[in-house]
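In what comes next, subunit A is part of two complexes: it sits with subunit B in the first one and with subunit C in the second one.
Our next item is the complex of A and B:
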């Protein structure tokens, strides 16, 4: 594990990440007006997942962790994605 | 038994004395014992409730309690057994006591967090009990808290939900602690595939605790929000969907079955090689099947919902996956039997319980296939068949796994020997009572006896009476077993360090273990089940 090493990210990079997060938040709000029906929730979840991934990668320094840890976090995301998809498949076919 | 005796006068039981030293100890072994004493106490309370329910049903009509009392009792029995006894049970007790020792560590990764988890557990357990008595309205929703009833019932549902939520947090923190411990604190040379199989099972369990428990935590909070703030998540009157509750509840609660059973599988996997004096058969398949059960177990929750109004497509999808999860379970069963085959089998009490585990778990597993198949599930859904299946898996699996574990590790924990004769007698009574209690429920379930019913049609009288007699016998067996252990924890003969000729690390240190387990962290040079040591081979 290299979590005791220091990783200094520049203000510029952090600002860009913040900007991307704000843009995605704005899109999340605007997308409601598109009336996507059953896909509204899917779109909201996708955008939320992207934002979470960005926060984990940059703000929580996952980018600097070793491969095993990144795979574990990725696996957790995949697991929850599958669970949500399975749940919504029920709604889609009901 | 060999002649090696305890040489270290100070051990984890006596290096500090006084109640305060126990209540504030961060020693993983002491915390494990604190869990054990708490869990066994709650278990006995819930067992008495179960016995009372069975006595009520010894004859049709009201016998010793009203219908409302019966509803409250089965709810309390379920909440205590599931959330306080079975889910934390094996991992919190034997995981805490033996995980660090078996991987060659001096403690878990976060000892203070470990103690905090215990107090969270106690808080949750206390809240659960409080919910039964506060304001005179015991929850009567059953342990599953199904909406819309749990969103509307006038009983203390919010307190009971908060209790389950708090207990869930304790479980998450224990899981996190174990994952980090296994990743970072294995002894030098202990690669993943040199790790004993009980820690493997705890590892798979810990991932479920960590990933699935938050789902039910949030779900229970949503029910609380619905009751108190009238937010429409699940109640159709508020625009919610009750089936969504069932999805979210079972997304956790089915994997939770594997939180209950995987550590028990790990315990018996330690017992078979020791009492066969033979390396475990199929080490790698057993290790990987634990992970496979944990993984596939995430995706089968819908088989609890076949009659809930779920879509047809989802029903066959979940049915298929349910059949798939039987494969890694069967791999374990075949490997346990193969471990004993050709071995020097010594039928001591731990092995008796472990073999009983296979027998009962297999019956529970096969009847699980009946419930995993949509067509047959619809016939027996919400009948006593489900209750019988569940108890064969959970009590026959986790319960007998726990009994196997305590009989196996008792000499190591207390440095004392129990009476083999009384242990065998206790096992015989318990095993007989268990089958008399639960097997008739399969038959009554197929005949149409609904679960959770206070009264029944007189045609079920014979089965109910046999079941009640079984409950009394089972309870007698429990008392016999526990009395034997308690008496000999104080009065038993001194146990040697390695009474069963085991080869994993816990048997290489004194009984009881020293405060910090090892004077020097061992260096591991081979796999965990090599029976070539002349001091440990009979």
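Our next item is the complex of A and C:
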């Protein structure tokens, strides 16, 4: 049986996730329009990261996937973060 | 009997592996766009003033509209997967059709947006662009490259979803076999994820 033990996400949960994402988008727009100075970019990126985490967890079903896949995704995002940090260390101190 | 069991078992393994293969592909996509985000970040810190000025040229309203369009389409494609798992074939096809319509709306908005930029002669290689400060040339270059590459992904996602729609219709994707549907949905969510970062970075932060 293909996909036999797949988790089925309910329609209601999908809709709730969309609502949360739309609320976060509205907050992003408001935060940036308020011009919080140096915090604006940091806030926008933090909110975008939260939205990414929600999409990965619910829409992309990571919450219901096996541990190996979850570790893989986590590891790759960690690798990406390390690359960004190293690039910036290189850029600022060269 | 034992042969049937064996076949069923290997198909199950295949489905799991197939999904992992899709994720590996998505990782390469992350680094494709991630590299561009790093270029954007470095250029922004180098040409803060120019980026600030150039970003005000972008239409934040169209950007916000497209954000909502993509978020809703992400939900409809996730729901279509729920529908196929519950054997509601008609509903699954309808939801994918709505997703395709939303992809169309996104591309139409992009057409008007790019069209306006071309009217102002703001495109790579134009006379007007040549006379802009270096940082602004950088901004518009990155804007066209990143949104263009993203738009290409929307187009590919649309083609993929169309194939899935046809396969549901012909019964090749059904309650038991929906790996392609799952992977197509994953791809569409990735398109959404990239836009979640593109929208604030290009359109909102000035």
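Here is the rule we use: the second predicted complex is superposed on the first by the 73 of 94 C-alpha atoms of A that agree within 3 Å, B and C clash if a C-alpha of one lies under 4 Å from a C-alpha of the other, contacts with A are read in each partner's own complex, and residues count from 1 in each chain.
One rule holds in what follows: a contact is a pair of C-beta atoms (placed from the backbone, for glycine too) under 8 Å apart; a residue touches a chain by one contact, two chains touch by 3 or more.
Being a predicted model, the structure only gives us computed values, none of them experimental.
Engineer: After lining up the shared chain so the two structures overlap, which partner does A:86 touch, if you call subunit B first and subunit C second: first, second, both or neither?
Structural biologist: first
Engineer: Determine, under the contact definition given at the top, whether A:36 touches first (subunit B), second (subunit C), both, or neither.
Structural biologist: In the superposition, A:36 touches no partner, neither subunit B nor subunit C.
Engineer: Should A:94 be classified as contacting the first partner (subunit B), the second (subunit C), both, or neither?
Structural biologist: First partner only.
Engineer: Per the overlay, which chain contacts more subunit A residues, subunit B or subunit C?
Structural biologist: Between subunit B and subunit C, C touches the greater number of residues in subunit A.
Engineer: May I ask you to decide whether A:27 touches subunit B, subunit C, both, or neither, giving the answer as first, second, both or neither?
Structural biologist: It touches nothing on subunit B or subunit C.
Engineer: Should A:76 be classified as contacting the first partner (subunit B), the second (subunit C), both, or neither?
Structural biologist: Both partners, subunit B and subunit C.
Engineer: Touching subunit B in one complex and subunit C in the other: list those residues of subunit A.
Structural biologist: 1, 76, 80, 83, 87, 91
Engineer: Hey, which residues of subunit B end up touching subunit A in the complex?
Structural biologist: Going by the criterion above, the answer is residues 184, 211, 243-244, 247, 251, 298-299, 302, 309-314, 317.
Engineer: Could you list, by residue number, the parts of subunit A that touch subunit B in their complex?
Structural biologist: On the subunit A side, the touching residues are 1, 76, 79-80, 82-83, 86-87, 89-94.
Engineer: Taking the complex as given, what residues does subunit A use to touch subunit C?
Structural biologist: 1-4, 6, 8-11, 14-15, 17-18, 21-22, 25, 28-29, 32, 40-41, 44-45, 47-48, 51-52, 55-56, 58-60, 66, 68-69, 72-73, 76-77, 80, 83-84, 87-88, 91
Engineer: What part of subunit C is in contact with subunit A in the complex they form?
Structural biologist: On the subunit C side, the touching residues are 8, 11-12, 14-16, 19-20, 23, 27, 30-31, 34, 38, 41-42, 45, 60, 64, 67-68, 71-72, 74-75, 78-79, 81-82, 85-86, 176-179, 182, 185-186, 189, 192-193, 196-197, 200-201, 204-205.
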